């Protein structure tokens, strides 16, 4: 159960609620929210009578929660969360298109591709400055220098920027330079990083772990939400499977399931989700048709020279034609 | 390598080719085709010089094949295979809609739903007469009686009928009564059944096995093709995954990958692919947007009473509205 | 619930029981058994009061069954099933060793290896005559000729023989020539074949499907048991996974779980379970240590020339040394 | 390729080697080692002629490396790595037994269980002070207080202690109080944490990620080794699968494969690997039989009261009897 406090409650009101929870033998969790504070209860085996709390001063309402995730679920917030960044609104009726190079390789490459993806219709620029790589011997990104290049690309194009943070240190740098902080698949259960991201007051995009169930993913989201950051976006990027025909198996069913379980917007990454250039357009279209809030696409104008994931990048021209299709499918699928 | 014979070759011509293959230390495989006969070679480690065969009388051409599947691959047949059944053409530009009850439960139920799915825009009627069930204690279908009901539904509605065969005996019954013979996921590597289906002269739809790789699936298709039946349709119906949020994980990436690997049309079954009514429409739309040749949908007008898979059936009204969306997405996604 | 009839019940007694079940709105299933007949009930949502049946003439007892599989579960039969073939007893305290070539390739090869595996300590001879192969172009086995060779090997060595059946036709041939009929992984849910095998009065070994859950596997076993054949052995042979380091992932946890869920003996096949010769001995030892009833090992004296699965075959000498280790581990692990 | 420097090389010698690598167009990686420094080369597509380096002053030898992991592979170090902690030697002929509560819950609970596992034959004490939990509402461990309790348990029993670190901060605390630092499955690709652990001069145990391939796991190990910490132990703890019969699927084949790929010792955790008390003993025995360097077992004397993973804990008495079996199997399996 969640006990939502009035906006103007006192510290004393809150303490009474907490005490009441403890006296029942349960554990209270203070959950700061954008509007007000709520108190979550854990440890109860069955439903708790609401009147034990609604009669206390400063309590606005109680919400029954049947899932292990509380703040991420539709029970807590029936209406879609909308996350606004620049002109883009994640979670609205309109599909957002995020595009850019997998990695920031140089100032020239990034500025050039940034202009091209803008011209092709993208609304948010992607580009990795801190790259978590399977091998310690692979290119690990330009780091702070990469963030500065992204900031310059934003000034030039007006596009807001999304880029990944890989630890506490890079998280604060990314939060300073970028508009959306990405937490990657490999860090989906790096709970320290999640809590730290929850203490930011910046939009965060949380990618699904390699083989995370939807419940685990929503519980990871809960780590961020419970710290008070509700500017949260999820990103499906394919899961591990037994078939090597694609790099990952893109789980579009997850998009449709999450629409009923959660109020959070869901982005689809068909580039990492398939690992093959030729599959990016069909999978982006499919994502759009089944209700994704956004697609995020790797774009490179010289894929053979890309320092990271060249085989999955499409060209700026291909992006342009894809965006045209997506705008039509978006209307048709409504 | 495939050595394609002239349409009017003699038995002697063919024997010469076979002998040549054997003399090289390889194994020849005579592969009857719709147009003419081909000879496949196995056992060779590297490429075979074409001129060893193109110089023989009766040989039309040789085709280099780099995949373990020969007849199912694009190398062998670059253009899409089209399978015509009634007014439906699988593999053309237009999406085919297959709909009907999971199981034929009674004459009344089937005729009623058949009329409704026709009115809603379906072009092919589905309905199981032989049901392979995980438990021996579950409803196993009406068998021959079910086939007769389906035939009556076809007379009434004009819709061609697809239904599953589970062994050699039911295969021949199904071939007699239905327009398309379905081989289910559990029998995808029942090689005796596949070969038997290859000897039919009726369209066959082969569902992907529970955890079959695309290569294994195409090799299973090869068992049918190699017996001379090239009226073959594939059907993606979700694969096994670690997540219990959906019954199976619908692998739409497979649709896009198969479009490049194979000339065979690919149907998507969002009902079995997700197991949840609420996901059928979004996944059908996604399938359409990424280029599926058809969608196959469980429809029931009284799902709570369904003897099989009620939770995944949509209503005839929902089908009608879905078909409308699909017609628009089809155009938008082209 | 299972209603077990007295050994000497009348047809009328049985009919009364069936009628009683139907009057409660449930479905009765007559299940022939080695000792007597039982009636299974399906369709009930909660427990059924036993006294409704124990008071009827000819009823011996009722057994409450909480699992979807009835005859395969420990609830129905608390004591281990023992399957005797020659000197080997599957399900006793002593590990059975099955060994032989993956495929019967020729009379000479088979007789030679048969003698060698006997000398090395094997108690049962394996060898495939009907080979289900992923590709239609691979060696499919010698068929009936292979069965005759196996029968000759048995005469020569005294070892009972296990070999695979792939369809109804080969099933009856195998039952005629072999001592144990194997149903392979790809046919685990070929329910027609399972039912046919259930009507044999010969031991059957049912391999686990590529990605079958333990419950699905036990339900497949139920198809055989429910036809009255309780000479049934299960065989774990590795499941499909995301890692290509081994051909399959050998699930030894399944051996331990099945020991609590079921009374059926479980064989482990480390050869197909790993696909790598070097892993056969360590995995066979592990299988023995965690309580497998038997191990089944591919042995070839000229693996480079093997027509099937050469890379996973160990030599007769390696088998000898493995059997020695197994005999010691068996004692140590008790 | 790895270029191993003489123990007494000069900074100038090293710089010459680096320069030579760069002139060939490749990237040099200085890899500090226990004995001496090596230089790894990446970016080369084929083999590099050794004489380009063996002729330089200060170079001891070159080692050809065909795998993406260099320091973790047998090519680099053919002999087993041995990690000594207290009386335990991981990687020797003798199985090490690690046991203790899943979580440090209180001083009393920990000291009590520590004495009991020592008496039962354990050589290392486990116990979580920092607990990475799927839910933010679950018990997260006692933190620093827990570390102090573990240190006290070590003083009392003489057993060295292993416990998990979850981020940079806890890593340094754990390194101060414990004998082995554990990196958990969820952090297997938390590359910042791995590098930080690589800069410790304390043994580290790296658990396999939820669905990590062996190659990804060894690449993660490489992040630690490449920073100069070669006191590294791997731990197999089960991977994600499609079957819910066990919490994870314990991949014992991995133990045998790693024995050929890597020189690092491999521990098996049958408690987390199965999630079921009844499977711990059989799986520990199996792990021993196939060559694991150690087993790590959750032990609790009041499992019903455990704050974490009670259902998978065995009792101290069960541990005692298990250790006896393991000592016998160890000898039998050699």
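A, B, C and D are the chain letters, set down in written order, and residue numbers restart from 1 in every chain.
Just so we're on the same page, a contact is a pair of C-beta atoms (placed from the backbone, for glycine too) under 8 Å apart; a residue touches a chain by one contact, two chains touch by 3 or more.
Just so you know, these numbers come straight off a predicted model, no measurement behind them.
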| item | value |
| --- | --- |
| Chain whose mean Cα position lies farthest from chain B | D |
| Between B-D and C-D, the pair joined by more C-beta contacts | C-D |
| Distance from chain D to chain B - Cα centre to Cα centre, in angstrom | 48 |
| Between chain A and chain D, centroid-to-centroid distance (C-alpha), Å | 32 |
| Distance between chain centroids, defined by C-alpha means - chain C, chain D (Å) | 38 |
| For chain C, residues that touch 2 or more chains besides their own | 211, 240-242, 244 |
| Residues of chain C that touch chain B when the two form their complex | 27, 29, 40, 42, 68, 70, 132-138, 166-169, 186-187, 189-193, 195, 209-211, 216, 219, 222-223, 226, 240 |
| Contacting residues of chain A [partner chain C, same complex] | 211, 240-242, 244 |
| Residue numbers on chain B that touch chain A, as the complex places them | 211, 213-215, 238-239, 241-246, 249-257, 259-260, 273-274, 276, 278-279, 282-283, 285-291, 325, 328-329, 331-333 |
